[in-house]
Structure formats: C-alpha cells, structure tokens
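First the structure, then my questions, so here it is.
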C-alpha cells in the first residue's frame, strides 16, 4: 500500500467520525429544546399560583418525557453502542439536565429521592453500561445536585406562597441528601464543585426554617396537621 | 432502599472507578519510563558517533518494545475492554509517544513509513476497536508527525556527522508524508496544529538538501553510490 | 500598472478604511460619554432619596436620548450603510449599553418590557437591516439582560428606601422575562453567558419578596393599595 | 404583543441566522478541500522533477479553479449579498488561501504579480463590494504574502534542481514586492504580522543568490543567457 | 561524575520524592474519610433533635479522634520529620478540617475556644516545629474560622430547635474571636479570605440575636434558666 | 471637595491625558511614514546596482532627516517636556527605527559607529534628559543593534554585487560593536533579546568572511585596492 | 589566533567604541540599581500600609477610635518617610521613568491614607490632600552635596506627586476595605455606619462609572470587584432595614438599650 | 453602648483568647518579616548572578580567560556571602517553609556557578559540588547568642543545601547561556568550541528527556526552550561542517592562518 493509498484510507476513518459527531450534535440540539420545555413547565411551580396544581404540572412533564425517550432512542442509533465514552462529551450536559428534571418531577410527586434506576427508566435508558446507552453515576449525581439548588429556591417561594410546612420537609430531605453525599469520596472535579454548592443550599433552607420558627409560623401549620 | 443505602451503593461504583484509574495510572507511569528509555536509545543517533551503529540501536529499541508489549498487556487487564474511551486520556499521551518511537525505529531500519498495522503489532495492540485495546487513527498520525520533526533534526545532524546522502532520502520521504497529510481533512485541533509544524520540517530539510546541492556534496556521495 | 502604482492604489483603499474607522471611533467615544451621563442619571434611582423623583429622572434621560439620536445620526454618515457588519465591533458595545438604558427608562416609566421597535425608536435607528443602521436582535437581548441585573439591584434598594411593593412587581416582570428567554435556542456564546446570569437575578429577587412576605410587609403595602 | 409572542418572534430570527451559518460552513468545507487539491498540484513544483512541467501543472490548477468558481457561486446563494461582513469570518481563511493559490499560479506562468482584479476573476468574484461577493484588499494582500514565503522555498529548491537563474529573478521580484508593501501604512494586526515575515523571505532569497554568486554559479547561467 | 550519572542521581531523587508523595496521598485519603465521619457525627447537632444529646455526640467524635491520631502517626512515618513544609500541601487541607473538628468538639463540650495546644493534643501532634509533626499557626487559625461559620449556622438552628439562649452565648464567643483576629496582620492569602468570611458570621449571629431581642425571646428563656 | 467633584477632576485629567496621547499618535504616525521613506532609500544599497551610488543615497536620506527634525519638533510641543517617560511608549518604536537609520547613514558614509550625540543631532533632540526631548541610551543601543543586522545583510549582498572587501570591514566593525555590548549588563528585556540577535549577525558575517577567505577572494581585491 | 586577540584587545582599550560603551555600562547599571532600590522601598511601603489598614479595621471594635487613628497616623508617618526615600531617589529624575517600580506601594499607601481619612472625616481624601502630606525636608547629609546644585531647584524641600491614576487605583481598592468595615459594623450592632458607608460607596461607584472605560485598563479591571463590594453593602443595608421593619419605630430605642442589658449578664456564662 | 464596649475592652485585655492572639500576631509578623527579608536577598542574588553570567560571556572575546574567570569567581563569592545570609535566616528553620521566597535567586546562582564551572572544566558541576561551596563560618556577633543553643547544632559552621529541583532548574537555564556562547564562538571564528558545546548540550538534553515529566512542572515548562537551544547549537555545528566541507582538510590550517593575516591589515581601514 502506497503512502497515498494509506492516507486516503485514513481519510475514510476521519470522515466517518466527523459524520457521526455531526449527527449526534443535531439530535442533542433537539433534546435540549425538549429539556427546556420541561423546565418551563416545572419552573412554574415557583409562582405563587403554581403551588396549587403541582400534580398537573408533573403530568405534563411526564408526557414530555415520552418525547425525550423517543429522541434518546434516535440518539442511540447514531453511533455504535460500545463507543459511548468516545462521544460522551456531546450529550453529557443535556443528560445531566434531564436527570435533574426527572429527579425534580419525582420529588414534586412524592417528596422522595429518585433512584438512578428510576431516572434511567424515565429517560428510556440503562443503568448498566453493558446493556446499552446508560446513565453514568456521575451524571445522575450531577442531576440530583442541580435539583438540590432548585429545592432551596422552592423553599423560599413556598413561604411567599403561604405554604409554611413545605420548607421544613425540604429541609429534612436536603439534610438527608447531604449526609448521603458525605458518604461519597468525591474526586472528580466538576462534581465536587457542585457538591460544595450543596452546603449553601442546606444553609439557605435552614435559614428559611429559622425565619418560620422565630415567628411561630412553622409550628402553627404543623399544629394544623398537614401531611 | 434508604438514601444512605443508596449512597453507600453508589460509593461502591465511585470507588471501583477510582481504583481502576489508580491502577491505570501506575501502569502508564511504568510505560512512560520504558518509552523514555527507548527514546534515550534512539536519540543517540543524533550524536556524531551515533550514525555508525544505527542497526544496533534499533535492535536495542526492539528489545525494549518487548517490555512495552508486556506492560501494555498489563494495562489491558486493568479495565473492561469496551471502556477504552472512558479512560483514553490516561494513556493517550504515552501511546502517541510510543507510536512515534515505533515509527522512528522502522524508519531507521528501512527508511519507510510505518503503517498503523505495524505500529499496532510492535506495541502488541489492535487497530480495530472491536478487537480490543487499539491504536486510534489520530494517535497514530500524531506519532508520525512527532517523527517528522525528529527527522528534520536527523537531517541536520547527519550532515554534521559527514553523511551527505541521508538528507536527500529524508527529504523525499518527508515530502511524500506531506502529500499524504494533505489528503486529510483535519478538524481535530491538536492534530491540525501538529500538522502545521510539518511545513517547517519540510522547509528545514529542503534547506539542508540545498546546502549540499550547491556544494556538490549531494552528488558526490551519490556518485559513491550508497542506496 | 507597475507594482509600485498598484500598491499606491491599494494604499488608497487602506487609508480610506482607516479614516472611516478613525471617524467611527471618535463618534462612538462621544456616544459613550452620553451613555455614561444617562447611566449617571438613572443610577441615582438606587439612592434612598432617588425613589421619589423617578419620573423627573426619566425625563432627564429622555432628553439625553435626543443627544444620542443626534450622535447616532452623525455615526450613520461615517460609513456606507450596507457595510454595517464590517464595522459592527466598533459600536456593538455602546449600542448594547444604550439598549439597556432605553429598556431601563421604559421600565421605570411604565414597568413594561421595551420592544425592539421602541429601543430602535428611542435611539433613532431601524430594526430591519435593509432600512438602514439597525439594532441587531442579539444587541437588543444583551441590553435587556443588563437591565435584568439592574432590576435585581433595584429590588434590594427599593426595600431599603421603604418601598415594599416594587420588589413584587419586579419579580413578576423578571419571571416573565425568564420564560421568554427560555423560548430561545441561544448558541451565541456571550449572550448565553449573560443569560446564565439571569438565573441569579431571578433568585435574588425571589429572596427579596420572601423577606417581605414572611414579615407581612408585602401584603401590608398592597393593602395600602399603590398601583 | 405579549412577552412570549415577542420572544417566539425573536427565536425565528435566531434560527434563521444559525441556519445560514450552517449552510455557509458546509460549502466552505468543500471549498477547503478543493483548495488543498490545488495546493497539492502546485506544491509539486518544489520537487527536482517538478521544474520541468510547470506549465502543465498550472493548466491543471487552472482547471481546478473552475470548480472553485462553481463552489463560490454556491456560497453566494447562501446569504444576502449585503451581509458579506456579517459572515466574513467563515470564509476569510479559505479566501486568503485561494488568493495565494491564484497568485502562485500567475507567478509560475508569467513571473509577475497578480493584480486584485485577476485574483477576483480567477475566483469568479468581484473587487467592488457594491457589485457582489468580493475580494477584500486585506485578503488579497494576505494571499500575496503567503506566496512570498512559498517563493523563498522555491528559490531554495530551484538551486537543488539545478536551475541557478530562477533565484535571481525571484530575488528581484520579491524586492519589488517588499518596496510595494513599504508604501502601505499597515495597522491591521494579522496582516502586519504576516508582512514582518516577508523580511525573512527577502533575506533568505538574498542568501541563496549570495551562495550562487560566491561560487560563480549565478553569472555562469546568466552568461548562458536564459530569459 | 558524568552528566548521565548526574541525571540518574537527580532522577533517583525525583522518584523517591514521588514515592513519598504517593504514600502520603494514600494516608491522607484515609484521614479525610475519618474526618468526614467525625463531621457527620457533629453535623447532626444542627438537627432539631440533635440538641439534646450533644455530649454523646462529642464522646463519639472523641473516639474517632483516636483513629485520627493513629492515622496521623502513620503519616509521620512517611517522610523525614524535618521536611514538613516540603510536603505540607498534601495534608494542609485535611489538617485544617481536623483542627476545625477539634475546635468544634471542644466548643460543644465547654463553649470555650480550643487552644492550639489542645488541638495538637487531640490530633496527637506537636505545636513546635522543632519537636516533630506540628500544627502550623495558620492551619490552627483556619480551623477556628471554619468553626466560626459552623457556629453561625448553629445559632440559626438552635432558634429553630427552640433554644433561645445559645445564640447569645455564641454571639459573645464569636465577638471575642473577632477581636482576636483583628489583632493579626494577614497577607492576601486564603486565611485572609476566610477571615473576611468571619465578618459575615458575626453579622449573621448579630441578626439572630437582634431577632430574639425584639421579640423578647432572649430575655424570656434567660429568666427561665437556660441550659 | 465632594466625591463627585473629585471624580470630575480626575476625569478632566484623564481626558486631557487621552487628548495628549491622541495628538502624539498622530505625529508619530507621520514620523513613521518618513522613517519608512528613509528606509526605502537606504534599503536600495542592497541591490547589486545600489553599491555604486551610496553617497547619493546618503544625501537623499540626510534631506529626509530634515523632515524628521521638523516632525520631532512638532512632537515636542504635544506634551510637557518633563513627562517624557509618561508617553515614551508611543514614540519608542519609531525613535529606535530612526536611531537605526541615522546609524546606518553614518556607517554608509564613514564606516564608523555613530555616537549617541550624533544621532541626537541628526534627529534634532538631546542626549541629556534634563535638556529636553532626548534619546534614551536603550533606544540608541536598540537602533545600533538593528543596524548590525542590516550590516550582516549588507555583507551578504556586497558579495553578490562583487565587492569582496566590504564584508571584512563590516566584520571588524561588528566585532568591535560586539565587544562593546559584552560590557553591558542587560536585563531580560527587549534589548537583551536584540543583543542575542547580534551574535547571529556576527556569526553570519564571519561565515561570509570565511567563504571569501577559502576562495582567496578577500586577498584578491585587497591587493587590487578596495574602495 | 592568540596573538591577534591580544592585538585586538590592545585596540579595544583605546577604542572610542569601547570607551563609549563603558559609559553606557555605568549609565545602565546606575539605572537598574536605582530601579531595584525603588522596588524594595515599594515593597516596604506595601507591607506597612497593609498593616495600617488592618489596624484601622480595629476602630469598629474598640472604645477609643481616636487612639487607633492616632496609632495609624504614626504608622503612616513611617510610610511617608519611606515615600520620602523614593522622592530622594527621584530627585531630578523623571518620575514616570521608574514608575513601574513603586506604583504598587504608592497605590497601597493611597488605600491606607484614604481609609484613615474616611474614618476620621467621612469624606473622600482628595488627590491634593494626599500630595500635601508628601512634602519632605531635605536630609542634612545631602546638603553638602546639594549646595553645588542647590541653585537649580528649591534647596530644602522635596515633594512627591501621586499620579491621578495611582490615586484612582488606590481609591478603587479602598472600596474593598469599606465593604469589610460595613459588614463588621453590622456585626457590632452599629445601625448607622452601614448606611453611611453605603451612600459613600455608591458615590464612589457612580464616580467610577462616570469615568467608565476612559481610565486606564487597570481601573476597568477593578470595576467588577467594586460593583461586588457595593452589592454586599447594599445587601447589608437592605437586611438592616428589613429586620428593623419588624418593630414599630418608637420602640427602637427601647429595644436597643434593652439589648445591651440583655447581653451583659451573659459574660458570666462564657 | 459606649459603656458596654469599655467593659468588653477591659475583658479583652485579660482574656485568654486575646492574649493567645497576641502571641499569634507576633508569630505571624515574625514569619512574614523573615519571608520579606529572604525575598530581598534573593533579588540581590539574582541580579549579581546575572551580572556574573554577562561577565563570563566575555571569555569568548578576551585573550586571558583566566582573568575573567577569576573576576567571576570573586563576584560569585559575593553571591555566596548573600546565600550565607539566607542560611543565617534559615538557621534552625525548615528550609522548605520559606523556599518560595528565595528559589528564584538560588536557581540563578546555580545557573551562574554551573556556567563558570563549565567554562573552566568543560563538565557539569554536580549538586554536591554546588553545595560544597555553600558552607559558611558562623558570624562572630551571633556567637554570643548562639552559645546558649550551640549544643544542639554544630556551633561554628552553617550550610545551605540547594534542592535537587532548584539545581535542575538552574541547569535548565544554563543551556540558554551555553547556546549563546556557542553562537558567539562561531562568530569569533572558533571552530572547536561549538562542537564541544553541542555534545555537552546534547548530553544535558538527553538527561532532561530521561527525566521527562517525572520532574516538577517548571522543568517540563523549560524543556521546550532547552530543545530550541539545542536546535540552534546543532544548526551552528551543521553550518560549520557544511562550510568547512568546501576545502580539503589538509588546507584547513593554511586557510585559518592566512585568514588572520588577511584580517589584520584591515584595522587601518576602520
């Protein structure tokens, strides 16, 4: 094989790679659009009026996750399954956003922490790398941490909306989450940085609970006995 | 499953990942040491005295490549084969160096361009990703480009050592290489940058040939008839 | 034509270009001065005493916008209209600042979002590129985002000044803005980065509203019935 | 118009812009491929064997410029003609390369400096901005400077190929070019930097001529009377 | 000694250095795990239920400090004692965390400021550099400052838990600390930054005390006989 | 004085400063044009034909230096004389070029090193800072070093032009210069970098002299009575 | 070759080129040495100014602010002595020639002296006021030498002029210290100082935005930090107002005095 | 409020916290002062070492290299005295605690002393040899104080140990000077030194590539410059060889001696 032939052959490799990346980019762009739509639906819970119909918002989000599943299905067809990590960077960002949205929906529905299995199911993907397009532990954790910061915002806004018991529940939830994270030996830099942000969320929520306590607002509603 | 249990479970994942990376790092460190030893052997061809026993230096380098194969064999056992790209960053640098060293040995032995297949064989790895630990096209090309800059140095030093015919042969070789690279549509940034350096190597070697030509030194030895 | 003639001729082109840029730079410098004056006028609303005479400050700013229109009119004469993008970099920065100032004035006057048309009118320019010196969509959006961060500061300072109802209105306004931006598929890097800052503004204002709510200060004034 | 409607409307603008850029990028990529092919054809003049059939190489390059014209024709259709400078960055690089290739062909054919008009004609574009897709003075000059550095290489290689008169002619040509550039008042940074490189080319060619002179090789051929 | 020998000698030194650092890193990792465990124990005082059994939590933490002493004992064996500052960076972070934890335990036990001597004793190290592995004054101060921020959180949470006298005691304590720090001339280093944070802690606690005062809650419990 | 007054005062100072700089820039631009013209005149000595009428070229350059003196006279009026170093950066570049041109003229006329006094006189400026607009020792030295590199080029081209004795004279001259520079303790500044370049100039000239020597060309003309 | 070199060397000694370069050598070395001395003085000034700033921050926690202010003034006198050394070095020189050597120290001094001035007078020190204190009596020992050149400049007085840019950069850094002081004041229960600081900082901020990007590059760089500091101070005032809103105004005095009463008995507890 | 503050202040004076912090204050100030003194000494060492290097470059152009070498050695003795001051400051301290303060100076000294050593011995000075010259006799005046603590360490001798990393970084910089020397030698018509320098530089280059990226980050950063220097030296040798190829070897001596003869008469022309 001459040098020219060899390089022509190599050019074939390079082109194929570039084509795959182009295809992936397109699908990911569409996915990002859907993710933004889900976000818009869920963001509205922060509005004073939004607290009333959380269930209906969650239903709407669940519907949009159907679209997500279809789009991720599309994404899977764009590259050989065992090369997940070769192209990981392309979808890592949106996958973390989607994990966050799934975790947020589940929290709003049941006030519990979504498991990695549940996220994977909502997104129509796997948790074991061997079984196909999967959700990395790190991406799941990143999604959970984004939710934590959303919850600190929710605690603030629920007070504005006159719901004085929710912050206490959020506080308990986020404390549990914080203990959980403390079990982890995080090295990975971006995740570690996000986790450092969790401390501020914990503190913020504690201050909301404090504000309620000192005014006797926390007890008041509790006495009224919700949840 | 409680939050604590879940995070303990996740910590298992994270630890496993960190252990793999730790193991990889150690083997890679050893590989780098061997690569530096091969480099030391091959670099000695630049010495005035080094031109005489190129064959023996190549033999010595070939022996050290046995060690490389063993060490890469070791490396392969440290992670699941289909997760090559997950950990690629750890060995990419040393693999490019090794590809360069293999290309340099082959050039010194036969004055021909090593193929990707040959490099793979010398390193005891594959060229098809599907078959196992493999040599990426980009890493092969990076290795070849490092060699090109070493050859421009060799052209200079061979003249100093009194070998006037070698630069002409290097010049032809490097021109062929340059044409080959021009067939590629390089997007990938680091490779593109390296390729830009090739132009300087081509120019440098042409100037050496020029210096020999204008003094009739090129012809002189050619007339003497080596190669 | 000799080489010398040709280059003399080319020098003519280059000089013309440099002269245009020099002219533009001078007008832009004057524009920046006026923009800074408007900023000084509007910034004074943050002073405790500043909340009283917002209308008079807006009037003063409107007057200065007359000067802006004259100066932009001057700017338009400095280069051929269809070469807007050739020199865009020169005035992009000040145009975004002016868009911000226009948006801020309009907000202070009517608590509504200025449209691109209105900004264009205030600055005496077009919105359709075809019709002449115009306001790019990106520059309009950048101006709006700068205003958002000014509003979060305003929410804080209006509380300090004893105006407890303004933050609620700002909060509603900024939430609407946030929803609007979520409809956009931003790629353009500087704009995307600015938009990321909007999240902090939203959060900040929500916390102000929270502080008022928990102390019953929001309701209190509302009951008093302004706006 | 509500805020939502307004932002939907704006999203239309942004999408259109992104689509145009995507289209331009694709055509430019194809153009770059053709430019590389022309370069490969012309580069071969540096080979010892290449000096014989310069005319045939130029013919081949001229053919490929037909393709270039078609592709630039394609490019023109991708965006409104008066927005040239809005998207200039996308094709500036390849246009300078093409200007260089055109200048190089013309030099090889006639040993004269291509005019901007000629380059524009070879590329099938205009020189007056008003008339359509055009060649900026700066891009023309950049192309000429790239050629200058190619000529210093040619001077070296023509000696290797035994052509001792060409370097003298190149030296005269490049000196004229240098004087021409000295007439320009360059401010523009990248062009200025390229021009600084010209000094090295001038010096290099002078040294080649020196080498020929001191060995009596320059006179020798001159006496033989070529050109 | 030849150049080669010299470099072998230096390489030997560098390898040894790397080995030491590797060993240190491993022990430090284990230490960090223990520190996180102590933190988890002590963090629980922030829970409403946590205020009751502070003594038992302190006991548990004291036990874990035994492990810390063993692990630091292990650390000491990894490098020559007089080269503390050569490797300081490796354990500085965890040492400051441990100093904080020791200071926090002592505060919870006795509401007094731990001395540097006490911290050293709890960690099984020295305070004089000459005597062995020691606690730098900066690291001690950093630990104290981390505690200050933990105390501001504690002040908030003790109100939530219904303990209204603790914030006042914390306030006095932290004010004394602040007076102490004002005596220091810090450089623009991390310690300075942390000290700037102390001002916010002081401010936060002052706000809590103020909240209690205007509601007569501070007096109330005082009268009722706190703690 | 109020804060506002203070800032107005400072702003006044800054505006005045900017105006001065703008004025200086304009004059400097004109000076640069004249310097380029002198360079074009003197550069022509490198042409084979240029060696004949060096004296007339020097006369022409001397005339242009009149213009330089007028323009520098103009420059002096633009700023307070005792604030030379405040604006030094603006004219440093052109002043070094002018010092070079003056040194080159003097060398061409008399083959001697221009003194700082002479340069100052040619440019119509001072050498003592106290006496007015002056020539810094660093700027004088930079000019001399630029000339050194021009002389190495001249040595090469004088051989091409058949003048075999000039290189020897240049060699002696430049060696003396080199000895002078060796006496200086330079900082790691641009002058140091330029001085490093001098070594290459010395080396280049040495090579030319060597080339002449081994061919007996140096002796030849000497005997024939050079110049 | 050796012989020839010897010969060259002989030539060099008498060569006008060599003797010219010997003069240059001395001129350059003298300049570099002076530069180096100025760098060292500047470092000293920086350190002492920083320590003065630390000292000044203690005013918010001690009973007798005047004492601290006086102590700071004594320290600043020491700094001014060092600036006097710079002035001494610059005697007859162009200040801008060595400006880079001492600008960090001077900026830090402006920061310290303007902080001191603000605490005492609650106003911004003017550039004139800064410069007015940088007038030095000539040292005795230089008089002897000075007498010969004394006719040229004023014989007994030496001044140092801070440039407007250094003044501006020092004031920009001052804002960071003002922010720290504001937060401390809130922490000390001071309900008044934060608002004063907020107004003052806003004035400075508005001043800087009036100057905008017409100033030197370093000023633009510091604008971001300045804006952050202002934000922190405005937030602090906001918090004070919001919290203060919870009691009727007529009760405020009572509450404050009772607070002091409440806090006193606690000292026994600690 | 005033009253309460007074009270606090009274409490502070006797407070154990405050007295502890007064100790810390002194400890920190002492450390910072020492650091600052070391920085200043380091700057002096850098300047003097640089000047020594400049001086050493003159050996290629003067007849009596020995004289220059001696002068350089005297200068280096001065530098060593200053390193002695560092050793004095570090007496009983952990060298690494203040390492960042003086590492630039020490690296520059290694560069200078290894350059001196190369010129004299044509070998690389070893780390031991560098350190062997950094042994100092204790100053008289400190003896009095030292006597009390004298029992602990050796009483009259003070040593300074250059770290292997500083040594390595100094040697890396040395290569730049060697390259300069090589180009100068070619310029002076020296046909021998460039080849010697080329061999030596190649040895150092190979040594550095043997160490590779196992060394500290700063070394890796300097590798690129080192490679460039080697390239320049190799190019110079190449040029010498190529040009030298044009005359038969047996003529070389003639040519060289005649060259000297040719050049002499010219002096009249200049």
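Every chain is named by a letter (A, B, C, D, E, F, G and H) in the order it is written, and numbering of its residues begins at 1.
Basically, a residue touches a chain if its C-beta (ideal position, glycine included) is under 8 Å from a C-beta of that chain, and two chains touch if they have at least 3 such contacts.
Chain by chain, the UniProt names read as follows: A, B, C, D, E, F = Translin.
What you are looking at is a predicted structure, and each value in this text was computed from that prediction instead of being measured.
Path length between subunit D (Translin) and subunit H in the chain contact graph, taken as the least number of steps between touching chains: 2. Note on connectivity: the fewest steps through touching chains from subunit E (Translin) to subunit H is 1. The pair with more inter-chain C-beta contacts, choosing from F-H and A-E, is F-H. Look at the contact of subunit C (Translin) with subunit D (Translin) and you find the same residues on each copy: over half of the numbers used there are shared. In terms of their C-alpha centroids, the spacing between subunit C (Translin) and subunit F (Translin) amounts to 50 Å. Taking each chain's centre as the average of its CA atoms, subunit F (Translin) and subunit G sit 41 Å apart.
Distance between subunit B (Translin) and subunit D (Translin), defined via averaged C-alpha coordinates, is recorded as 34 Å.
Mean C-alpha positions place subunit A (Translin) and subunit F (Translin) at a centre distance of 66 Å. Taken residue by residue, subunit E (Translin) touches two or more other chains at 175-176, 179, 183-187, 211, whereas all remaining positions touch fewer. Within subunit H, contacts with two or more other chains are made by residues 8, 32, 61, 189, 206, 210, 214, 246, 263, 267. Chain pairs that touch one another, listed by label: A-B, A-C, A-E, B-D, B-H, C-D, C-G, D-F, E-G, E-H, F-G, F-H, G-H. Those residues of subunit C (Translin) whose C-beta lies close enough to touch subunit A (Translin) in the complex are 175, 178-179, 182, 185, 203, 206-207, 209-210, 213-214, 218. Here subunit G touches subunit C (Translin) in the complex through residues 198-199, 202, 206, 209-210, 212-213, 231, 234-235, 237-238, 241-242, 245-246, going by the rule given at the top. Chain contact summary for the complex, subunit D (Translin) toward subunit B (Translin): residues 29, 32-33, 36, 39-40, 43, 46-47, 153, 156-157, 159-160, 162, 208, 211-212, 215, 217. Per the touch definition, subunit D (Translin) reaches subunit C (Translin) in the complex via residues 1, 3-4, 6-8, 10-11, 13-15, 18, 82-86, 88, 113, 115-116, 129-130, 137, 141, 176-177, 179-181, 183-187. On subunit F (Translin), the positions that touch subunit H within their shared complex are 111-112, 168-169, 171-173, 175-176, 178-179, 182-187, 196, 199-200, 202-203, 205-207, 209-211, 213-214, 218-219, 222, 227.
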